[in-house]
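Letters A, B, C, D, E and F mark the chains in the order given here, with residues in each chain numbered from 1 onward.
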Amino acid sequence: MIKLTNFAIAATETGRAAQYGEGNPFLEWAWLIVIVPFLAFLAIVFFGKRLPRRGGEIAVGAMAFVAVYAAVLFIMNVTGGVEFVGDPVEVGKIGTFAIEWGWVVDGLSSMMYLVVGLLAFLIFTYALGYMEGDVRVTWFFAAFTLFAGSMLLLVSAPNLIQLIVGWEGVGLSSYLLIGHYWEDKENSSAGMKAFYVNKVADIGLIIGAFVLAIPVGSFRISDILTAVVDNPEAIETVAMVGAVLLFIGAMGKSAQFPFHVWLPDAMAGPTPVSALMHAATMVTAGVYLVARMFPLYAEMAADARGLVITIGAITLIIAGLLAVVQDDIKKVLAYSTVSQLGYMVAALGAGAYTAGLFHLWTHAFFKGLLFLGAGSVIHSVHSNNMSDMGGLRKPMPVTFSTFVAGTLALAGIFPLAGFFSKDEVLAAFNHEGYTAVLVIGIIGAFITAFYMARTVFLTFYGTYKGHGHPHESPKVMTVPMMILAGLAVVGGWVNIPGLYTGFTEWVGTRAHPIAEHHAESFDWPVLAIGLTAALLGIVAGYLLYFKDKQTQLERDTFRIPLLWPLLEHKYYLDDLYLGGIVNPIKGPIARFVNWTNSYIFDGIVNGAGFLARAVAGVVYGVFDQRGIDLALNGLAFTTDGAGGKTRLLQTGKVQQYAGATVIGAALLVIGFVIFR
Amino acid sequence: MLLNQFLILGALLFSLGIYGLLVRRNAVMVLLSIELMLNAVNVNLVAFEAFLQNANVGGQIFAIFVITVAAAEVGVGLAIILMIFRNRTSANIDELDLMKW
Amino acid sequence: MDHEAMMALSEVAVSLELETPEMTLNIGPQHPSTHGVLRLVAQVDGERVRDIKPVIGYMHRGYEKISEVRTYPQITALINRLDWVAGYANEIPFIVGAERLMELEVPDRAQYIRLILAEMARIASHLVFCGSYPLELGAGTPLFFALRERERVLDLMESVTGGRFHLNFNRLGGVKPAAGAGSNTRKDIQDLPKGFYEGSREAMGRVLAVCDELDQLISGNEILFARTKGVGVMTPEQAAAYGVSGPNLRGSGVAFDLRKVEHYLPYDKLDFNVVTRQAGDCFARYEVRVDEIRESAKMVVQAIDSIPSGPLQAKVPKIIKVPKGETYMRAENPKGEMGYYIVSEGGTGPYRLKIRTASFSNISVLSELMEGVLIPDIVAIMGSFDFVLGEVDR
Amino acid sequence: MPSNPSDTADLQGTLFAYAEHVADVLDAEPVVVRHGTIKAHVPRDSWIDALTKARDDLGLIFFSWLSAIDWSNKVEVGDPPTEEVDERFEILCTVGDLSEGKRITLSTEVSKDEPTMPSATGVYRGANWHERETFEMFGIDFVGHPDLKKLYLVDGFEGNPLRKSFPLLSREVKPWPGTVDVEAMPSTENPEA
Amino acid sequence: MSFGLELAIKLVVIAALIPGSALVLGYAELKISAHMQSRIGPYFAGGRFGWAQLLADGVKFIQKEDIIPDNADRPVFKVAPVLVMISTATLFVVLPFGPGGGFVVRDLNLGIFYALAISSVGTIGILMAGWSSGNKYSLMGGLRAAGQLIAYELPLVLAVVGVVIQAGTMSMQGIVEAQIAQGWPYAFTQFLGFFIFLVAGLAELSRTPFDMPLAESELISGYLTEYSGFRFLFFYLAEYASMFALAAIAATLFLGGYGFWGVSASWTGPIFFGGKILLIGFVIIWLRWTFPRFREDQLQTLAWKWLIPLALANIMVTAVFKVVF
Amino acid sequence: MTVADWIAEPTNWVYLVLALVIAVSALRVVTSTNVVHAALFLVLALAGTAGLFLLLSAEFVAWVLVLVYIGAVIVLFLFGIMITRAPTGPNVEVDHQRRAPAAMAAFLIFIVTAGSALTAFGDKQISNLGRGTSTEVIGEQLLQRFVIPFEVVSFVLLAALIGGITLARKDATPAEEMAREGSDA
């Protein structure tokens, strides 16, 4: 175990020459990667409308820059290993805590830069075609650029404050983008839902950040991690709490159970948004956070890892099951993402740092591809529902072939990207001894293959059930898909146990207090079982959705009695949140106010009235005949008059209030002078 | 010059403003009375400043602030009156008693 | 309009109007920019015009009724007072109409003289517009430039006819012989005064020059653009429905000129263009008039070059009686289409004379154009229509 | 048409041909061509119909003018008609096109006992002022006019000046001296004139 | 010479200068406009060149009957021209006609600020005139004037700020001395400010192309409609006197005032200064007889969308230069 | 300090004149029956106040008062009065009937403030007025010591600007307005 002297530590262990990057202009200027999207955002907002493509070209240009720059950084990392922390700029101070802005280029972040930059570039290009003719296309690209920029800001963060700023930026822009078609109430409420759920989780992140930062005395991640390694007793007491709280934040962003509810609803946004959100930016933020803070989980808060892996496993399985019942093609993919994120989180929880990130890496390619394919289909048939599709293989050959490539990659079929990453995750479960999780993972692999097969068969085979004439999408949309399809095929070849494990080195240059197990070769039994499960899933899908002509027409004839309604209602989670949390809070407050109003206040008033009447009645009965009318009437008159006059005090006339105030103030002063 | 001669003038202006504030029905005239009161404050501020001869001239600076805020107040106040006038074709403040019981 | 509005006009007391958020503003009948006694009753909200009604009749003289007790030569003198800015042009359609009823053959030379004078009248009228329109928009100087050249034109007309405004130079069957001229005069001697041709050529050159001067001085001015472009846009459909004619119609992009289609003077022997502008806004109407001055000046020069010699007057009886018949004759006057429907019962005067004037139809469209404009736009739009109240009220 | 008839033989031809076309389209009877003017008579009941056809079918979109003639044998001013005429108002309306200079004058008759006409404002918006003028000058009521009130005359004015029965008051007091051109000036009887 | 006597003499000179300047500029306007329009202009009055034309006009105005409309608010109606005149006249106090104490009534520390503050008072007089006339056209003219003057006071003040930053003083003589010391007038460095000042100044003077408050073709004569006789004469005098004052302030701020390329001898001061004032006066007259007038909304657009941002930019640039160099 | 001493000081004469003008016009501001007159009397009161400030050698504040208050605020007032066309005739009732309690309250306030001033400051003198306050000092203090209030005030101004525009701008089209008026009636 090496001491962390800086945020980034020497990469010598990996056997490569450390390149600290001092004086290397590419690293010194790496902050451009973060700044350019924000500048592009401003440029689009101010000048976008006047440009021929309404600002899209600025966005694509900025992303092209980011992608190229990220590729350069990545290649530097691959060839030489990069560890660089830019000199932080002090923005302000909270007490003794400096608020800084800086940027990090190391293995993890350079990988993330590349993923974000490359996918954003491809998806933005795709969006040029997809969003053409949209009313708010300028605003879309502005928010989209902001989205990517926030993610880059988050990734480049050397301290928790900057990370939180980027984190919130991602949340904000996702809110804007999900609610892009705000004319429909549903869409805007989907945006709100995403925002709220994330906000709830963010509370954990923010508190966690402070919990960790206060004993250490700094928000710098390097300082915190150094303290973790060097000086465990200083933060021993808070590490566990902090880790759990940070993970709650990550759960929100990465849509882990029980915060996963927002992600499927977020499909209300335009498809490019979904693609970027699922592939590279938003949902990976949580995984990135856990990976970034991995030493904390690995060293100090090992118990927290139990939580992480549990949550990951639960998410993995329930989301996979949900994906099976969806009709909306994007929701299938959305639940699929949740499920795959479960894999990543579980892998990190199991201590398999590389495996988790590797799955993130491959997932970015094929999930981006799948979303673009789904978008292409939606663009063509003008519906999200698979019940309106079918038989699209012929009219949309490019979409079909790329989509199938993505499906196979996601299902984990050899030799596509998903195969290697999923296998590595499963192998890690096996190696670390989480057998239950391994079983869940294998079942998950089966389910994954099954629902993806279902999607493909329902969408591209059988007969067309929609309206209008489907057509292939324009070049500007298909070319990014083809590029991604290529990456989905070859993306996994960078980490083949026994053959070439470059990826381990690329992302592993940083957090090396972790003694991570690296398999020398495939874990053959697990591999065999996993692959078999995936193949079985595909076969099951084939049988149910291709062979059975009945399902071609009616869709989902097989319905497991108890499970099906549960899945259709998404485990009743939304109902639980609404009925269990929102309404109980909302209702009692309203009821309490109403009750106070009707019983206490009215009661006082009515009671007073009743009392007065009773007294009057008695008085009337007893004294009236005695001829003391004068006194009685006087009394009643006084009461009535007093009440009436008191009521008149509230005239609603400002000047009378002002007059009373003035006189009162003057009298108060006089009173002070006299009685002092 | 006595300090008090300014203070008492200020007090006089202020109480005249109070009188106007209480007695006027027309909202514009109420605003005018408020201006009078703010001006009384200015007199006091500048008089105290001249009396104390402070190096940081806080009195004068705050008089300037008061003037500025008065400008803002008039802007918003007149806009409100304009709107009320449009909706009710009356600028009489005592007809604006929607808030009463 | 009614008594109430008159009362409102006299009660300029602001305080009495205070309860209404909208204010009634009486523009005219005595107002610098109404070209006489037009009155506009405008409902304004601040500077914004909500509703506007032109009120006319302040100088109604009953010409149609009077004409029923007049002889044809008397009417010729009378109708000079319709459009007093171009008095001569008013005579043309009436005289031509009466000649048609009498089936008179008018000598060519007389026709050319009529044409020259009519075009000069058009130049004079348009020059007044080109000077006074900028004045209404606040630029005082162009007026003097325009009127300076108008004087030359008026001088020329005076040298021929002896009158400057109300020429009364036409006779049934020809034009009035100049003093001392016989019925068969040679060119350049008696019928037209000495030096008229040279003077005209020179004057037309100056007119063309002043058009360029106006262009330099005012037509390219940004403020003028701001005030007139896009203001008071009249569509061709509106123009046709309201009978708007002349330069106003051509400013809306309709290339329609009675000189080309009505065959009443030897215009077909001259080469000239019908000036149009597509925009239909105030600036288009202004530009059309400036260009029409140029066209007219060129026509005058052409006519002088090609004027035939010959008699000035066809043979007519001493007491003129027009045979029974009806006809409608119209002509392209500076303000637009002017026409006379003459019903003759064979007497010395018409049984009924309907006078169709351009300005009357031209301003009937105003209230439609002025809805929702600003008060300064009223002046800009009103001025751009170049109407004369004598024509409106008759 | 120039006043020289010889120039215009072919013009006359086209005019007659057009008049026949007009008669076909408008279903008008009779259509006369006199002195370069096409005048088409239509019944009062089909007045609006004829105007609509003229606008839509003949393309005569340009509204020139609308007025009336008071045909009367007993006149207070001017000379009476040479022949006996029916007592009636004749309504005239001239419309034209904006390309070739075609124009026709539509004519219809309305009785003096009940002088009402349908308003043409629905067909040509510009008829508004013309009808108001005809209303006050002849006393003809235009049914359906949006704003039928006096245009020129003051509010209290009584009578319809262009009716032949309306005397020219100033002439009653003092004859027009210009009539000397035609007949002898009655200066001996009226030395002030 | 005692302080009091000196002050008295100065005040007398200024009191003569106010109508004098109005006469000079008024006559210049008559003649210049005439020659621009191919006319001769005043010719007979006074024997030669019609030099006494305006004097004769003045006599005529004084002789005229003083008409106050029935609906007018009499006291306000009467005070309005006086207020306008006062606000113009007090401007002359700070005009520096030459170096030293002898050529200025009182060189205030806050000279230019004082001038701007005082000149804004005239707006009230115009509003009073418009309102009190009891005439709709007058009221609209008054409202237009008020809207216009408020809108253009901002760019006017902001344009001056640039000069003040560069000179580092608000004293009028100080600003002139700073220009003399610098060697060339501020028109070269503050050319944007100069332009804005002239445009906004034209608007403050309600002269073409910003004469909407008076616009005789729309509002007859705006707030002047009901004025006649010597009250009208007051407005008339005030108009030309404030034109003179504005030209003088512009000359002081941007053209180096009484200095001329470094020359600042006391006896040449008034000559140079007068020359520069006449130069600016000529430009103002020239514009008056060349341009049509704007529309009210276009005027506001010009002020708020162009002049004020430009003036702010000018201030920023000036401040940056001031700090950097 | 005796009355004679006080009278002997020439500045006090100036003060007296100004104070008289201010007091009288302030009284007219709150008693005048015509809104425009009231606003114009306020101008007079403010002009007098500016004079007082000059007397107290607060030149800058005096001219700011003139420029901002008289030049802008009052103009805005008059503008508003004329635009709203609020009742300006002399016959309109501009006052409540409750003059007496209002006058009592005002008098009470006057007694309290003037009384406390008298007891607190007695015959404290304002002296050393010769130097005047240089604008430079004000500027420096404004942007150094008082920079936070300065910024706050600018935000208040900005907010007032936006608020004023939002409130005063008319959103309804004429047709909508017509409909609203119709439903009211």
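The working rule: contacts are C-beta pairs under 8 Å (C-beta built on N, C-alpha and C of every residue); 3 or more make two chains touch, one makes a residue touch a chain.
Note that the coordinates shown come from a computational prediction; the quantities given were computed from them, not determined experimentally.
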Exercise for review: Moving only to chains each one touches, count the minimum steps from subunit C until you reach subunit E.
Suggested key: 1
Exercise for review: Return the chain whose centre of C-alpha atoms lies at maximal distance from the corresponding centre of subunit E.
Suggested key: A
**Study point:** Chain pair whose interface holds the most contacting C-beta pairs
**Key:** B-F
Check your understanding: From subunit F, which chain is the farthest off, judged by mean CA positions?
Key -> D
Check your understanding: Distance-wise, how many Å sit between the C-alpha centres of subunit A and subunit F, to the nearest whole number?
Key -> 56
Check your understanding: Distance from the CA centroid of subunit C to that of subunit D, rounded to the nearest Å?
Key -> 23
Exercise for review: Could you grab the centroid distance between subunit B and subunit F? Build each centroid from C-alpha atoms only and quote it in angstrom.
Suggested key: 6
Check your understanding: Whole-Å distance, subunit B centre to subunit E centre, using C-alpha means?
Key -> 33
Check your understanding: Which subunit B residues sit where two or more other chains touch them?
Key -> 18, 22-24, 86, 94
**Study point:** Residues within subunit F bordering two or more other chains
**Key:** 60, 64, 72, 76, 83, 86-87, 96, 101-102, 105-106, 109
Check your understanding: Which residues does subunit C have that touch at least 2 chains other than itself?
Key -> 14-15, 17, 19, 21, 23
Practice item. Quick one: which bits of subunit F touch subunit B in the complex? Just the residue numbers, please. Key: 1, 6, 9, 11-12, 15, 19, 22-23, 26-27, 29-30, 35, 38-39, 42, 45-46, 49, 52-53, 55-58, 60-61, 64-65, 68-69, 72-73, 76-77, 80-81, 83-84, 86-87, 93-96, 98-99, 101-103, 105-107, 109-110, 113-114, 117-118, 121-126, 128-129, 133, 137-138, 141-142, 145-146, 149-150, 153, 156-157, 159-161, 163-168, 170
Check your understanding: Along subunit C, where are the residues that touch subunit D in the complex?
Key -> 2-3, 56-57, 60, 62, 64-66, 68-71, 73-74, 96-97, 99-101, 103-106, 111, 236-237, 240-245, 249, 254, 256, 258, 260-266, 319, 324-330, 337, 339, 341, 343, 345-349, 351-352, 354, 356, 360-361, 364-365, 368, 393
Practice item. Using the touch rule from the top, collect the residues of subunit E that touch subunit C in their complex. Key: 33, 36-39, 69, 71, 131, 134-137, 139-140, 144, 208-209, 211-212, 215-220, 289-298
Revision key, fill the gap. Per the touch rule above, subunit D residues touching subunit C in the complex are 1-8, 11, 34-37, 39, 61-65, 67, 69-70, 77-82, 92, 94, 98-101, 103, 105, 124-126, 128-129, 137, 150-155, 161-162, 166, 168, 171, 176, 178, 181-182
Check your understanding: Can you name the residues of subunit E that touch subunit F in the complex?
Key -> 73, 76, 79, 108-110, 113-114, 116-118, 120-121, 123-124, 127-128, 130-132, 139, 142-143, 146-147, 149-150, 153, 157, 170
